[in-house]
Amino acid sequence: MLKRSLRKTHKKTISNEKSSSKDIKLKESDIPSNFEETIDTFKSIYSYPDNQDVVLRPIDISGINKKSTILFINTITDSKAIEDYVISPLLNNNDSSKKVEDIITIQSIKTKSKVGDIITKINQGNAALFVEGEDHAYLLGASNFESRAVEKAQNENVVKGPKEGFNEKATTNISLIRKRVKSENLVVESHIISKRSKNDLFLLYEKDLVSDKLLQNVKNRVNSLDVDAIQNLSLLEQYIEERKYSIFPTILYTERPDRAASFIEDGYIVLLMDNSPDALVLPATFWSFYHTSEEHYLRFPYGNFTRLLRILALFITLFTSSLYVAVVTYHSEMVPPDLLLAIAATREKLPFPAAVEVFIMEFAFELIREAGLRVPSPIGPTIGIVGALILGQAAVQANIVSPIVVIIVALGGLSSFAIGDISMNFTIRISRFLLLLSASFMGLYGITALFTMGIFYMVSIKSFGVPYLSPLTPSYASSGDKIFRKVLQKEILRPGYLKPKDLKKR
Amino acid sequence: MLIKEILGKFILVLFLLLFLSGCWDQKEVEELAFVIAIGIDKVEDKENKVRITYLISNPEAGSSAQSGGSQEPPREIISFVADDFISSRNMANSVIAKQITYDLLRMLIVSEDFARDENFIRWIYDATKSMEIERDIKLLVTKEESATFFQNNKPLLETRPHEYFEKILATGNEMGTIPESQLYQFFRITEADADLFLGIYGTTLKDENIQTSDDPQQITAGEFDFQGESNLTQFLGSAVFKEAMMIDSLTIEETRMAILLNPSLKPGFFLGTIPDPFDEKYRIAFRMENASPLKFDLKLTGGTPSIHVTVPLLLEVLSNHSMTGYQKDEEKRNKLEQSIEDNLNKEFNDFVKKTQEEYKSEPFGWSLLARKKFSTISDWENFDWMETYSDMKIDVDVQVKLGKFGRQSDLPRIEEIRD
Amino acid sequence: MEQSKQLIGIKEYIAIVLLMVGTKVTDNTPTILFEYIKNAGWMAPIINGLIAIFPIYLLIKVFTIYKGKSLLEVSDHLFGKFFSFIILFIMLVVAFGAVIVDTAIYTDIIGTMYFTKTPTIIVYGILMLVCAYGATRGFEQIGSVAWTVFPYLQVSLFFALILTIGQGNTAFIFPILGDGAWEVVKESSLRLSLYADFLYLFLFYPYIKSEIVFKKGTWLALVFIIMNLSIVMVCYIFLFDYKTIMQLNYPYHELIRTISLGFIINMEAFFLPFWLIATFVRFSIYLYINAILFGHLFKIKHFEYLIPSLATLIVFLGMIPENPTFIIFDIKEKLLLMTSPLFFLLPLLMWLVAMFKGEFKNANKRNIR
């Protein structure tokens, strides 16, 4: 049965492809030699004049006396620039010996003859100039997409260090990175990764650092995508990652250009795309999710203090609620007598078993968190306070939960915010629930069993061929930036697991 | 990936199994009755039974948590005849609503009567069988039946029973009025069969025919005379166990000496008094601590075995009722030092003599030092420490060093004030 | 996905060996040693370690001729197919028996010390489930996990020991020679198989990064293990004295129940998880060893697939004895005695055969091929 249904879907895809084959043929061909025919072809492609923002303006070029037509989409093109540097020079030309390229004063001019290529360029905001008697079109770079300005990074806040964040325009983002890496070795490669929407992907790397094998690996994976549209990097991440069902992220997502730049300088590859106020860094190890850029901006002791807090927060988030359940329901002899009696006293009149009680509170906490994210921002702050106050205080007074559980859940929940990376944050929070389940089944034994399995799983993950826990294990030459960082002067090695062409930083 | 699928299914089945079959060892804390102390008494005419007393703590007492804090009493006491103190749990549950647990068990209390019984060892070893009983709980001997002890013991300020016992025993240990008395030490010493074990000695009954004028340091449990509004319980001195049988009790002073002479214990600051060498009417109070580790000189082979112990003590004089001016007078200080030394020497040597003659073994843990002199276990066992001890030539030499004379070292001359 | 096979480095290798052998000190192995050697039991790891140098040295000598070949191939080459099959089969039986016995003991520890009411099959099942999962991940992953957790395990162990020394009495170690020097040497050398695991390490030869790593790692691990075992055993004596310790089934667990730190009276919650992790990793390695041997003997190429079935088999075999505390102890003692000659004689035999075949002289030629 399964086979049959598979076959069915297979047939369907084939028939779909047939219908578009005419289009494909057209796009492969060169533009017609006849000027009028050319204009008509493009008019039909762009559904002119139904399409409101497509502009077709015929121009008679004075001086050389040729007919021409300029075609562009005015919502994504800088009309002022076209008027000033294209239309008026063409109209005001007196010299009959000049070529078209020389009349136009706009910055970049390219010539293309394939219909498909021209369409792509127009869709990217360029203007196309068709001139009578020429078998190619002039493509004038005047794209002007709407975008916001460079603003502060929203999610990865720092107190010390640069505040700029990426925005939704890839060129801006590239410029932000170029601003930090002023090197001719920084390569910005562009790939079109989707078939229909023609989304552009930019690959940034330093060509004298990055390992060729890694680069080839990434390129292969990016180019082998067969999809209609990938709007942004968050979606792309899910297309190119290896383990789709794994709860561990394997690609780092950052909205800070300084962070992306420092990864590039270490020999990583950074992906940028339009419409994504962020960059993907690959390969990623567990440590890159655990670190933030601020720890390197802060002085050595302060940075490591932050790191210490974060690793503690990580373990507190993971284990407090499950340990509480395990100890209270399975290993009560391990609690100091005063504490045990205090717990027993508060639990005396509660209706639920400890595990259920903690689970309810954990669930409530997650709800408050999710609700706080989704509510319109003016109400946002109040939700948190109301949720915490009403739920916590009232639940305790109504003898639904014990005050100790409120402390435990709040502590765990609060600590979870210390893990800044959104993906790793989810990983930790989901694992917390799994641990809670295992704790309620088998106490400490259950927790440890699950934890051990988790570690076994973690070491077997690879991100683009790089083991997840490296350089801890398997060990590689590196600056040893794991749980704690070293003094900057001692961080002289690039991470060896990337197999960079130049291991030593100078 | 076939293997993954199989493994995945296996995990799923296991989880289902866990869901369906429940959790075996799970027990919620509020469903447990925490036994803080167990009392064991002899039952008249029945050799194979014991009377078990439970002291159960009420977690709600003294709790300021919102859901707790009711007017319930802090403890519950139940006493009944059972075969042993392991199976007795089930019997107690016919009266106690919550499941009895030994998770918080801190004390094992036996009556003196039972401790002196030769069958005592049979019951006490039950403690090694039960998983819940920790090895470091305390062993306590009471003069009266332990059931009576529990009922008479009504701490006024420390309402939670575990808190009371924890505090009073810790303070007693620090002051040197009672020994440490851990159960695993009891087992170890019993098994090693060389030394005496000192257990904590306590009572709630006051000895009626005791005179207040006696030396306050020479008392044991029940002999401390106090009035006022307080708990009747007193923990004083120690119960001496030889081969898992109680043979005698020690006074505060003897307990303190036993601790001071034990090389493996770390004594704190002990208070003591001796007659004032300048005025026999009064006694001088002092605080002593080990100035440096004890020095031992053991000669065990060839002739009569002999032990020479040097006890370096640092003393701080705390009271001076004869109002002697020690500060400027070195001679007086020397006399004081000499007198303290003589006094202590006599006390120590008398005590050692007493252990040799009466107990025929020692509570000082010296056998461990003697073990160093032997290279094999069979040599050591042939030497038979316990047998040899009573004939040994033992000599304790106290070396006193006077430290400070209190906060204010000088006192006014009494003659000058009263002229 | 192109996941190149990685060879494990020295850190991972040492961690594996230490977890394999060092964990023994936390089960009933010390009890067996103390029972026969009394308070000189702590010398047994040292004496045995010194004796074990001999067979390990011979093995390394033999293996340096065969670059990157495992025990399986070397044995096939030296003894011929038939005898090699017999020898490896005996090794498999011993290894499999050891896994069954040890897992049964660890299950018993968990069952009697911490989960008294839980049915054995659940405890056993979870233990083997985790180990099987770990073993199927592959050898490099086991190595990585071993190294990741090892420092924390070691720290927790030493923390326990420091507390023990604070609460114990160093005088318990005397009389220092126990039953007498000769007795100690005799009884300990009978239990040489304490280090029999080293023989199985040579199965991993091809997985190790280089020959030097293997050599260095093995010797370093041996030294570490000797120190670990004897220090821990000395600490047991410090806390319990020899008479008591001879009666304790699982001294490590009694130890972590006895020690306390300030107001925290019961510390076992701090130590139990670390011990459990060590246990999981340890049996993952054992399962993997069994799978390698089994796969080679019965010509199963993808031996990883055997692991789940082996684990299931172990659970059911380990469940058979009704009273593990006594029967399994008995079997373990016998196994210790029986394996000792195997561990000593097999390396000797290999070396002698290699000698007679003139392998050492041909070593250079072999390298070229």
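Going in written order, the chains are labelled A, B and C, and every chain counts its residues from 1.
In this text, contacts are C-beta pairs under 8 Å (C-beta built on N, C-alpha and C of every residue); 3 or more make two chains touch, one makes a residue touch a chain.
As the structure is a computational prediction, the values presented were derived from the model and not from experiment.
Novice: Would you mind checking which chain's mean C-alpha position lies nearest the centre of all protein C-alpha atoms?
Specialist: Of all chains shown, the one whose C-alpha centroid lies nearest the global centroid is C.
Novice: With chain centres set to the mean of the C-alpha atoms, which chain is at the far end from chain C?
Specialist: Farthest chain from chain C, going by C-alpha centroids: A.
Novice: With chain centres defined as C-alpha means, what is the inter-centre distance between chain A and chain B in Å?
Specialist: Spacing between the chain centres: roughly 67 Å.
Novice: Suppose each chain is reduced to the average of its Cα coordinates; what separation in Å results between chain B and chain C?
Specialist: A distance of 42 Å separates the two centres.
Novice: Where the centres are mean C-alpha positions, what is the separation of chain A from chain C, in Å?
Specialist: The answer is 47 Å.
Novice: So which stretches of chain B touch two or more other chains?
Specialist: In chain B, 18, 23, 25, 134 touch at least two other chains.
Novice: Can you pull out the residues of chain C that are in contact with at least two other chains?
Specialist: 114-115, 118, 122, 126, 129, 133, 265-266
Novice: Going by the touch rule set out above, which residues of chain A reach two or more other chains?
Specialist: Residues 330, 333, 337, 442-443.
Novice: So in the complex, which bits of chain A are touching chain B?
Specialist: Per the touch definition, chain A meets chain B at residues 328-330, 332-333, 337-338, 340-350, 353-354, 396-397, 399, 402-403, 440-443.
Novice: For the complex, give me every residue of chain B touching chain A.
Specialist: 18, 23, 25-30, 32, 34, 57, 59-60, 63, 65-69, 101, 103-104, 106, 132, 134, 160, 162-163, 166
Novice: Please output the residues of chain A touching chain C within their complex, sorted ascending.
Specialist: Per the stated touch rule, the residues are 217, 242, 327, 330-331, 333-337, 442-449, 451-453, 455-457, 459-460, 462, 465, 467, 469, 472-475.
Novice: Which part of chain B faces chain C closely enough to touch in the complex?
Specialist: By the definition above, chain B touches chain C via 2-3, 6-7, 10-11, 14, 17-18, 23-25, 128, 131, 134-136, 184, 187-188, 191-192, 263-264, 365, 368-369, 371-372, 374-380.
Novice: Per the contact definition, I'd like the list of chain C residues that touch chain B in the complex.
Specialist: 38-39, 112-119, 122, 125-126, 129, 132-133, 136, 169, 171-172, 174-180, 240-244, 247, 254, 257-258, 260, 265-266, 304-305, 308
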